[in-house]
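Dumping the structure here so I can ask a few things about it.
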Amino acid sequence: MLEVEPFSVVLVADLAGVVVFAASGASAAVARRFDMFGVAVIGVVTALGGGATRDVLIGAVPPLLLSDWRYPLAAVLAAVFVFYFHPAFSRLFRAVLVLDAAGLALFTALGTQKGLAYGLSPWAACVVGVLSGVGGGMIRDLLTQEIPVILREDFYAVAALAGAVLAVVATPLDSSHGQWVSALGGGCVVFAVRLLAIKFRWSAPKPRI
Amino acid sequence: MLEVEPFSVVLVADLAGVVVFAASGASAAVARRFDMFGVAVIGVVTALGGGATRDVLIGAVPPLLLSDWRYPLAAVLAAVFVFYFHPAFSRLFRAVLVLDAAGLALFTALGTQKGLAYGLSPWAACVVGVLSGVGGGMIRDLLTQEIPVILREDFYAVAALAGAVLAVVATPLDSSHGQWVSALGGGCVVFAVRLLAIKFRWSAPKPRI
Amino acid sequence: MLEVEPFSVVLVADLAGVVVFAASGASAAVARRFDMFGVAVIGVVTALGGGATRDVLIGAVPPLLLSDWRYPLAAVLAAVFVFYFHPAFSRLFRAVLVLDAAGLALFTALGTQKGLAYGLSPWAACVVGVLSGVGGGMIRDLLTQEIPVILREDFYAVAALAGAVLAVVATPLDSSHGQWVSALGGGCVVFAVRLLAIKFRWSAPKPRI
């Protein structure tokens, strides 16, 4: 029987998140008419900023993203791809939203698990997971001078928080072979809440005037 | 005789600072017409951002603010309170300024002491104290795209620096029962300088044209 | 024969970079008409922000910049100098560009070496070196609400990256007496690429519409 090494799966999921977020950052940079290097910088920062913030907060320095060259390479390649093929991307506006939701789901679930693995309390692991998911997009928006997505989109941070909580709650169900239940459960919740919020235009209460 | 445990007092002062800064951040977010989640996010980041920056710089990871659920809970409650009762707040503009000065005083004094407790030199403890005091407000202003308060308000960083220096200088006067003299002295200096600067519209020199 | 202690040379080069970046940050703050304290804050953050980010990422906490009072003192003095004598500076716009390139070169080369000294892989040392070079300017631009220089200037991050790569490649050539070859080689490449890019208005490809 083929044994799937848990670490490899985490790596693949992590890299998928990196590619997705790098593409979303690069799209924003292309829309701002930055040059190729600017597009690459924004792509890398969007893809790796959230994880680096998480690693600094939990004391995992130097961050994995720095010490493993596959992460920045994947981000640069995705950003350059978007730079050259962005007209196709802009026609796929809806696809970008879905990809961003997928990246949010992947990073939130994996970030929450990493927090637990570093001995954080359940609550702190949730916070760290949410930061992993939303951090890169926040830095992207700061650099391109947009109101950060977590403030613009009503159910962005909330989707991440719901998934992080579920990932923590489901952790006792994880087998000795890996953290499938909590990762899949948490990720799916983030993804579903985000897509439903986009589809049905869920909105949070606004302050009364 | 009732023994007051120093740690509890620090905790209460810290939480008071969290509530005050969360309320000031939430007020800014309400003024920007963010939705409820955005108001909560800005409140939490304003209240906890300065302390998290301090903890990362002195190597106290994971930050206390992450590992102790009472901090974020206090921040969220304060932000939600402001979200629902902000009309009362906007009539109390002057009160918000006073509360912000109180938060600045609390965080600067406690941050300076924490820096000393982690073995920093007196100078580094001052820097870390000022960062604890002004960091949250800076992040709030970056997220809401305002010129940061430490650049707008002439005597903001300077008030914090004056209090941090006094807290360091007064440390030898602290008794074995706690750090009352330096904390109270430093905090009062920050508070007094800030209020006097607001009251008498102190202004720093501007560059000649 | 007079022995030159390597550490002193690094210190002098580091302080030169601090002064140069503090002056460039202060110039931007004066152009925004901030008051004296705001000019000092921007100067300090521009000069010390990149190195602090590097130190946090590699786990060198508290950052040298915090624990050594000469760094912030040099930054404050440079910023105050610019505050009082900025008319001379604004006539020297081209000189400021050259100084900024020199600061970028110094910080990138020294940051890359520090990364290697902390046991990072060659790749991670490059990333950390680039961050050391460009980090302060990014924070300056965020605080003064400009599009960050690494996104505006086509050959800014790329110049830093080229120098960081050369510094890593040249490391085996360093003698036991110091890291002259890699530091000088890397720094000169950054400086040369930056100046040539300014002189000949090199520009990177823009996205097709």
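Of note:
Just so it is clear, A, B and C label the chains in written order, and each chain counts residues from 1 on its own.
Operating definition for what follows: a residue touches a chain if its C-beta (ideal position, glycine included) is under 8 Å from a C-beta of that chain, and two chains touch if they have at least 3 such contacts.
Protein identities per chain, from UniProt: A, B, C = Trimeric intracellular cation channel family protein.
All values reported here derive from a predicted model rather than from experimental measurement.
In the contact between chain A and chain C, the residue numbers used by both copies make up under half of all numbers at that interface.
Relative orientation of chain B and chain C, expressed as the C-alpha superposition rotation angle, is 120° to the nearest 5.
Chain A and chain C, compared by their mean Cα positions, are separated by 30 Å.
Listed for chain B are residues 56, 59, 142, 145, each touching two or more other chains. Of all residues in chain A, only 29-30, 33-39, 41-42, 52, 56, 59, 61-63, 66-67, 69, 72, 83, 86-87, 142-145 touch chain C in the complex they form.
For chain B in complex with chain C, the touching residues are 56-59, 118, 120-121, 123-124, 127-128, 138, 142, 145, 147-148, 150-152, 154-158, 203-208.
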